[in-house]
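Next, two complexes with chain A in common: one pairs it with chain B, the other with chain C.
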Partner chain A sequence: MSLAEEYTDTTDASRLERGLAYFQRNSRAYLLIAPTALFLLAVVGYPILETFRLSLYQSPADSNIETFVGLQHYAEIVTSDIFYQLLWQTGRWVVVGVAGKTVMGLLIAVHLKGDIRGRKFFRTAFLIPWGIPYAISAVVFRWIEHPQFGFLNAILLKLGLIEQGIGILGNPDIAWLGVVVADIWIGTPFMAIIFLAGLQSIPQELYEAAAIDGAERWHQFCYITLPQLKSVILIATLLSTIWTFVSFDTIWTMTGGGPLSTTATLVIHIYQVGLQNGNLGRGAAYSVVGFLFLFVFAIIYLRVYTRGGDEL
Partner chain B sequence: MTMAGYDRSRLRKVRLYGVLLALLGVMMLPFYTMFSSTLKPENEIFSAPATLVPSDPTIQAYLDVWTQTDVLLWIANSFVISLGTVALTLALAIPAAYSCARNDFVGKRTFLLSVLVVQMFAPVVLIVGLFDVITQFGLFNTYLAVIIPAAAFTLPFNVWMLYGYFKTIPVALEESARIDGASQFQILTKIVLPLTKPALVASITYTFLYAWNRLLFVLTFLTDSAKYNVPRGVFSMVGALQTDWRMMLTVSVIGIVPLLILFAFLEEYIVAGMTAGAVKE
Partner chain C sequence: MQSSNNPESSEDSLDRRQLLQALGAGGAIAIAGCSGGDGGDGGSGDGSSGDGGSGTDGGDGGDGGSQSIQFLTMGVGDNIQQFFEENNAAFEEEYDVDVEFTSVTWDNARQTVNNRVDGGQAPDVSRWPARWIPQLVGKDALEPLDDMMDGEFGQKFSEGVAAGTMYNGSHYGVPWAASNKCLYYNKDVFETAGLDPENPSLDTWDDMLAAAQQIRDSDASVPALGLAGADAIETGSQYYHYHWSHGADLVNDEGLPVVNTDGAVDALSFYTDLHLEHGVTQSSPLSSTRQDIRQLFENGDLGMVIGHVYTGLNIDSAKESGDVDFDYGIVQVPEGPEGRYSLFTIDAITILSQSEHKDLARDLIRFYFDEERRFQYSQQKGFLPVVEAVGERPYFSDSKNWAPFVEASEYARARPKLSNFSQFNDRMVQAIQEALADQKTPQKALNDAQSDLEDAME
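The block that comes next holds the complex of A and B.
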């Protein structure tokens, strides 16, 4: 044995020893995180692997027969028209929904910021839509948009804007808008609260100085509020993008993806194909496509969240 | 203050409250629609166009709902599922968060970031894989089939929230207790957790609401209608051809009452929880 080999050998052994000693010293720390780590591995990690595996098989939910088909599902997905229709529908659903929530949230936050009377009442009231089950909000919006008995039609009729009731959710051209409205209503409170927290950290002196310089309120908003809120807006819209992308309960309760699949998004399609039609393999392949999107969102989010690197 | 200045500030106030009330009106309109419809007699609900104010208010719908639907059962199930999820989540999150806050060890950063990534992994993209796993473990049609996934997806928030809070509690407090002969368990339950109350309330509220509100897991993993929660119950009332709107809206109103009570008392904690999840100080 050469000197060099002997040298490597001893470091290997001592590295192992050092590792064991380190683990023993910190055994309590590891023991305390172990249940959480194992639980998440079993409930999230394993299903992820299972989804990847399933996506390579033809696998009906109601039987144990699985046939290996390789990448066939993926090939069929990217060559199908429905896939591009879904991407387009998901895109407009996310963009319009997040934009609506951001604007409404800002509007509420800016007006709640000052020293107003009944602030707690307003804050609680604005919060409620976020806290009730999406399925309930969804049926209420279905009722509002009901072609015969709905409030919306009653108001539009009263204003003379339409001559007879329209069925928004049954119309393939506008059904998605009918669902987006409900989604914006549900998602606005989160934005409002986050923006309100952000607004309160802006130094008041900035506004006072601007007021002395005679800046109009709109200018104050554009040149002080928006730039100061930039990082909060970024984080909030990112989170909202992810949640809107994966939003299921609202669409499923309002339209089930119809009419003619025009309100279906990628995740609605995952559910329809994988669980409703029982084609687990194809559903899993669509899920993997969903993973890819979430993966990109997650990387951006982590980047923004850990910027500075002093969090941990 | 000059007269003109006084007028201007008053005008500004009127405008501010005007806009706030208008926004509030828009946000409350769905609740108004829901509630006012339940006060209408059956023939008035189904009259077109809808009346904006019930002409002849009645609480008949609230008397009928107990005999015609399973609303009480759904509420009870929602409690079972929500409380179960809270218990499981806290049992896992408290030790993990405490360990990360008090120790520096290899893999801590990886652990915390992986937990954060789980939050990104929304349940619906995992639902096909989860379905397979839940069936394999024989959990299908049990409360656990709903509680376990709900706990997994509320864990990230809870771990991070409690981790951040534990870090703010001075170690000196624990050390002096240790000198007085307190065990590690006593230190955690008698000193650390009471000081963590605000974070714990926020965690519990968030987790409770999450589990109470979700339709997806119940829709997928529970086919036994005796185990339906409130959202699933409401969803089951949506008929393919005919929907009993009167009963469905009444159930919806009753189904959100527990949440309104929760909101009235815990508004601060809910806000704290929502902000802690997204914005750094």
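The block that comes next holds the complex of A and C.
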């Protein structure tokens, strides 16, 4: 045995020993978390594995027989036009939705932090959209935007800005915007309350010192508020991105993914393929693709975020 | 000062512990929400079940009932809930059993049935559209009911109606309810447009277009015609009248798609021209579901619409309560170059193969097909009677609302029974939308649909 091998062996042995010693020291802790870990494996791990398994099979709606097809679903997905259309539409939906919620949430939080009249009322009131089930909010917005019965069209008609109702949700070019508006309305309160909590943790002395130095409000916002809120904004937008990505109720209730699938996202398509059309294997493959997208996104996002030395 | 209210303000970011606390709180809320939801669901289910007979009669069933039967149905609304409550209770008493009655909304219906079948928890008896039969037969989920339908019981139904629940030469259900369609027109709008409301001359599609153009050019301040174009299953249901009447079909005798024939192109061209060229429809058909245009008509804000019998019943009801005030007429769906068709839909009541109470399930079906019960059901629900003797009653044949629909049975045509009809229909709706949005010509839209459907049905 060479010196290097001996050295390696020794190192391995010591690592093993260290590991065992560490496990023995913490055995009670591992024992205590074991039930929870097993539970999580059962309720989180198993469905993910089962979805992956299902994605390797042809599982037609009219039969219990599953045929192994390997990676065929994946190959067909990545070579289909609809996949890239869905990626574009999902990306557009997530980016615009999260940006809208973030900006609106920040604006509301900044205003609610100030000493405005009726602050308590507004703080409670602006939570209402978040408290209403998404599907109900979506129905309300569908009616607001309805070409014949809608509130929005009624106002525009009264003002003489249009001659007949505009079917926002029926127009392939702008339907997605009609849905995004509803999603921003629904999701903004969450962002606002997170930002408000973050704003309240910023030491007031920083603003006072900046004011003494002659910094305008805008400069205070740019150089104190935003940097201090960085970690909060990153966590909030990460969560919001995930929720927006997997959001189903709002789109489905308002447009069902139409017209011409222009408001369909990956999640809507998964439902249509897997559950509506009964092609469980293909739907599962789409689910795995969606899961991988989110997984990779979360890792990259957190890596970039923690690179500067911050930690969650 | 703000900071004085914030003892932890020195921490300028969320640390891991805070995040875990937040997630923990979120998790607790989620679990509470899930618990509440489960409870709610359960409550809802119990509620249905209770409504269905475990209320006052539940005690009786509990005392004496040695077995129970699960009865799943869809879309039990206010107008028919009492019917099921009373009859389930009567069945429980007569047969000394518990009826576990559950109603789900149509949105969740298909998934509920599939989940329960796949999970080995199928109900004993279930009611849903007959077009789902092929899919469930493919899963060996349905009990053939030839023994019932080929005997005396089956003679209650006309041949056409009975055929609605057949697949591969066997009856896999009993026709539960049927619906077809006619063309409604607003007599007040017709009068304003100078059309004769009592003799509207709406025999052909061209007649309908001519009337619509006259309405469009008149002082009537409502759209002439309701056109469905939204991304919804019913858009296909509305369009197929045009498709079939132009000699087009959806599938051939071998079950292969044939959606882009010359007749089909003519039909879709006519359908889209109503909006794009003639401008006689409501604005933005792509935003409008069948329900939307029906609602417009029921409000008195539309000249014509193809609708079910309950459209007229709803208007009568609204007129009685003073909500609307206009007269309407009903004529047959217009005729095309190759005939006249009225989309016919049959709901079936079936026995699931997994049932351990198949005899009792047959008893439940026979019980619900008592003639008086069927009369009561059709009357309250607003569906065409499936039992011949009920349909012959003067209540239907002499009624201003019902008579045209009884006559329309002559033109009845059902959608093809395909195991993947939902997928098929979705693709057809996409073609309709592509043409309506002027993104593709009708020819191109149907050619593309044909190509995709051929791939899907290989």
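Here is the rule we go by: the second predicted complex is superposed on the first by the 249 of 312 C-alpha atoms of A that agree within 3 Å, B and C clash if a C-alpha of one lies under 4 Å from a C-alpha of the other, contacts with A are read in each partner's own complex, and residues count from 1 in each chain.
Here is the rule we use: contacts are C-beta pairs under 8 Å (C-beta built on N, C-alpha and C of every residue); 3 or more make two chains touch, one makes a residue touch a chain.
Computed from a predicted model, the values in this text were never measured in an experiment.
Undergrad: With both complexes overlaid on chain A, does A:Gly258 touch chain B (first), chain C (second), both or neither?
TA: After superposing on A, A:Gly258 lies in contact with chain C but is clear of chain B.
Undergrad: Could you look at A:Val78 and tell me whether it touches chain B, chain C, both or neither (first, second, both, neither)?
TA: After superposition on chain A, A:Val78 lies in contact with neither partner.
Undergrad: Report for A:Val304: first if it touches chain B alone, second if chain C alone, otherwise both or neither.
TA: Neither: A:Val304 stays clear of chain B and chain C.
Undergrad: Mind working out whether A:Gly278 is in touch with chain B, chain C, both or neither, as first, second, both or neither?
TA: second
Undergrad: One more residue to check, A:Ile235. First (chain B), second (chain C), both or neither?
TA: So A:Ile235 meets both chain B and chain C here.
Undergrad: Could you say whether A:Glu205 touches chain B, chain C, both of them, or neither, answering first, second, both or neither?
TA: The second partner, chain C, only.
Undergrad: Touch check for A:Ile166: first (chain B), second (chain C), both, or neither?
TA: second
Undergrad: Thinking of the overlay built on chain A, is A:Gln148 touched by chain B (first), by chain C (second), by both, or by neither?
TA: It touches chain B and chain C both.
Undergrad: So in the superposed three-chain picture, is A:Ile132 touching just chain B, just chain C, both, or none of them (first/second/both/neither)?
TA: first
Undergrad: For the three-chain arrangement built by superposition, which of chain B and chain C touches the greater number of chain A residues?
TA: When the residues of chain A touched by each partner are counted, B comes out ahead.
Undergrad: Going by the contact definition given at the top, which residues of chain A touch chain B in one complex and chain C in the other?
TA: 61, 146, 148-149, 165, 232, 235, 275, 311-312
Undergrad: Touching residues of chain C toward chain A in the complex: what are they?
TA: These residues of chain C touch chain A: 1-3, 5-6, 8-16, 19, 110-111, 114, 118, 134-135, 137-140, 229-232, 282-288, 292, 295-296, 301, 419-420, 422-423, 426, 430, 433-434, 437, 439.
Undergrad: Could you please specify the touching residues of chain A with respect to chain B in the complex?
TA: Answer in residue numbers: 22, 26, 28-33, 35-37, 39-40, 42-44, 46-51, 54, 61, 107-108, 111-112, 114, 116, 120, 122-137, 139-144, 146, 148-151, 153-155, 157-158, 165, 185, 188, 190, 193-194, 197-198, 232, 235-236, 239, 242-243, 245-246, 248-249, 252-253, 267, 270-271, 274-275, 280, 283-284, 287, 290-291, 294, 297-298, 301-302, 305-306, 311-312.
Undergrad: What residues on chain B touch chain A, complex-wise?
TA: So the residues of chain B touching chain A come out as 16-17, 19-20, 23-24, 27-31, 33-34, 37, 45-52, 91-93, 95-96, 98-100, 102-103, 105-109, 111-118, 120-133, 148-149, 151-152, 155, 159, 209, 212-216, 219-220, 230-232, 234-235, 237-238, 245, 248-249, 252, 255-256, 259-260, 262-264, 267, 270-271, 274-275, 277-280.
Undergrad: What residues of chain A sit close enough to touch chain C in their complex?
TA: Its residues touching chain C are 60-64, 113, 146-149, 164-172, 200-205, 228, 230-232, 235, 255-261, 272, 275-279, 310-312.
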